[in-house]
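In the two complexes that follow, chain A is the common piece, with chain B as its partner first and chain C second.
Take a look at the complex of A and B:
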């Protein structure tokens, strides 16, 4: 800031020298170095989002787009009961999925990190094995497991726990949750594992030395220090599952429909891109807000334990 | 000193597969003692300390702390606290929370807890930094936090795992004095692990020197420096001019030897000494050899000439070749009288006290 008037002065006297000086400055070098990634990010991340946002303020006029500014799409997206319900269901399902995934993944990550011994890499490798097959195939295989004549029902019947197949397993929101938890487990285990690996083991020894038993040292040292991993695992699972389209479509039935199906309908059969865009933006904003709240809540939770 | 030792290490062995980290170690440490475990890396000193703390379980043997067997107790139920080599300051807590960490489990009332944390911080002169986080502290400050965090628990034994090795030389010397003063003030038994012989000599009441999982010698710093039992101990604790001498007679406590350049002397026989081919290893510390200037006289002299010279500021190391000795003598002389000006190649006369010669087991 202090250098600013000075450089303007130089530029006014010798404009060429000034710009040449800027071209060889650290700032220019830095910008040059990041420009490929910056352009890449702008083109592939920022631009599509911008287009979606722009569409959400326009309106569909039969076959053409009316580019005058309107908030009508947002009014519909927020007040129509169908969208409100779908959005609410999407959020609760994704929240449930992330909670369950993180809860199941933490012990796995903890086991690999603390008791994996020399086979840590093998364990991690095994965890990624399911991801080698197509996502669709994995979802379909859950249909085989959860179906009326599926593996679970026939298994339970053969050991005599139930005498007729349970119908409530497939084609509802529970099926969506189970399938999503399975699909996302590997993505939750890895960040938690990384944050557990980073914990200096002498900190845990110090906690034992200062009187903590294994449970307390876990709650007071291991868990708080692995929190960054837990938070990223939570977000990695929650953000994409809100807008998941394939899983509800395949195993969700009518009770498992989520907001992505409605958005797809507006961009497809409904032919109302602006409304679809408004629904997308609304979802995006709410998910971001929820993600922020989760981070805060987890941090508060840890402060309480201390 | 009281009758029962604070720590009794009774025939403790620790094997990792076939590797013996500790090989039948027995040791008593008295209450209120500043005790050092000294040795090179891999000698088992850290394993022994971790066994006392409860982080490592010996393969066999018993460890009693204050008369009670601690071998089956987990670290959190032993009356010991540890200062870790890297200090292990909890990064998510500030200084006060770090120091108060162990007190939380004692369920003290809030005022009492605050008071104890405050006192501990005062003891290590960190009262003004109570709200700082671990990453905002310097190395010396982290060390003090680790110390306060352990002392606030009022342990019977404080274990220190190379606590000064990460500090720079000046700070290390300051902390040596401070640790020593603190130990005298609180009166707790301190067990220090170090590979720095000067640190051990300067701070301890007694030192145990370890090699290869065994204890080579346990004695006061002065005793261990002046009368090392073995060649290894002598070599580890500073310089030593070793030479072979022929044994002329041997009694239960004494050895009479005939040396090539230091005459015939009778010296104390170290424990566990056995002669090999009628020869004994004897030695003299470099600073026990004194340069004789001009026509000064001494009862016992050796003569030779300077082959090399190393300047160290307050002292100079002279390497003196003496005909008839297998290796040149190393002489450490203060620079008061101009030892740093003695030219290489000059003839030199050295005085010594026959009492300074020691015999060592190999």
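Take a look at the complex of A and C:
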């Protein structure tokens, strides 16, 4: 270390003392402590996403990347019928999945929060356990259940409910939706449960005392107060679902293909990175906008009935 | 019938919740059932009990290699993501600083992103840098993906931590490192182990990132993906899958027990301080 010269003037000492005080402040300590994690996430999450966005405005000629700005990839992504159809289907499926998951999960979260008693933690644990097992295996299991010669068909036949296997269980959008609803159940229940737990129970009692029946007190008190949980449940289900790759591949068949398959193809043999990047960005932007609209609609709906 | 708080309990709700649980557990219970079934197809009625599909796993060198890869990746990912999450969780629970929300938001972002986009973006940056796809790239990618989970476990574990204990230790002349080792660590250890277990489980089961980033060394889910094309391989996959499901459930149960243990201890500590 080089010693500082004695002839340092007062003006330059002042900010030094200031920065030293800053260095021992909570702010500096907090930032120093979080910096390794933050740098990691910046390097391996933020930067890669920026690169995807940059690529989406470039073009590729065989193996060389042309870095001049172009919107051609977006034109292809939005106008080619195949991508438009895949995008449309992915969005409808993710909307359906999030609506169904949130609707069917809400009563379960409600039950645990209001009637879970001393075993709330156990209930929550039971609900989340399946979610920690391999997602690939669960999707595979649905394939085994819904197949033509699958568990459901052969099971129903062996107890004599049906004579012939039912077709149309597997390899379509419905199979994709069932499987995805199953995958995301716990992710919807947890945020709703957390927001239900925060509700002051005396408010609901008050609504009862003031003559609201069960349905009205739910619509006017419980639902609005649990809205933050419902919203995060929507977001946490809808956005990741739109880019699901495994489920459509395994149970979707021809009619259940989603956008992730097209994205993957651009990074595999088809190898057109800029187009793959543009497809990714387009999907993200549209699904975020759609999620935003859903959130807004929910808020408006709740304000109406309040 | 009336529950507490004057909120009436419907008779149908418990039935509904039971049906919901059955729906959740059906797929993961079916795999073990058919893994012991003495037939190559998954049809009812069952054809009798056998353990031959499990026995066939032992001689399967490709599967064993994939299991070894998964173990390496799982251990590295859990240590790396827990280490990084310890720093972040401690910073967030102990200090107030500008940009705290933005920083936490970034770390939690993988929860709200389609996994394929995370995978594709990592693939691009890895190839751009001229790196070879290997287990190391899987480890780097899965760590990003595990961070939100490790972080939530650790933040809730650190949240109720009583700072006056540390201050007392420092006042009594213990060094910062000594304080961490002898005061802080024993209190937060259950949360840390819980985070390690959760991250390991996620890594073990994670498919998309491993699929994109693993190159020629598959992890178990990538190996299974390759086997799914062959109908004849299904029973072996069912046996392997059942083992993986059992392992996941054991690990996650351990993590939950530890987490609750830590929670109770923090509560007891808070109660003692009044």
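Throughout what follows, the second predicted complex is superposed on the first by the 260 of 306 C-alpha atoms of A that agree within 3 Å, B and C clash if a C-alpha of one lies under 4 Å from a C-alpha of the other, contacts with A are read in each partner's own complex, and residues count from 1 in each chain.
FYI, a residue touches a chain if its C-beta (ideal position, glycine included) is under 8 Å from a C-beta of that chain, and two chains touch if they have at least 3 such contacts.
These figures come from a predicted structure and were not determined experimentally.
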Superposed partners chain B and chain C on chain A - clash or fit: fit
Partner chain in contact with A:205 - chain B first, chain C second, else both or neither: both
Contacts of A:276 with chain B and chain C, given as first, second, both or neither: second
First (chain B), second (chain C), both or neither touched by A:300: neither
Chain B versus chain C as contact partner of A:225, first or second or both or neither: first
Partner chain in contact with A:161 - chain B first, chain C second, else both or neither: neither
Touch count on chain A, higher of chain B and chain C: C
Partner chain(s) touched by A:118 [first = chain B, second = chain C, both, neither]: neither
Touched partner set for A:215, first chain B, second chain C, both or neither: neither
After fitting on chain A: smallest Cα gap, chain B-chain C, Å: 5
Residues of chain A at both interfaces, chain B in one complex, chain C in the other: 202, 205, 208
Chain C-touching residues of chain A, taken from the complex the two chains share: 26-31, 33-38, 40-42, 44-49, 51-52, 55, 104, 107-108, 110-111, 114-115, 121, 125-130, 132-138, 140-142, 144-145, 147, 149-151, 154-155, 157-158, 182, 185-186, 201-202, 204-205, 208, 214, 235-236, 239-246, 250, 260, 263-264, 267, 273, 276-277, 280, 283-284, 287
Contact footprint of chain A on chain C as seen in their complex: 3, 5-9, 13-14, 16-17, 20-21, 23-28, 30-31, 34, 41-45, 84-85, 87-88, 90-92, 94-100, 103, 106-107, 109-118, 120-125, 128, 140-141, 143-144, 147, 201-202, 204-205, 207-208, 212, 221, 224-225, 228, 234, 237, 241, 244-245, 248-249, 252-253, 256, 260
Parts of chain B lying in touch with chain A, wherever the complex brings them together: 53-55, 74-76, 80-82, 84-86, 88, 90-93, 97, 101-102, 105-106, 149-150, 153
Of all residues in chain A, those that touch chain B in their complex: 200, 202-203, 205-213, 216, 220-221, 224-225, 302, 306
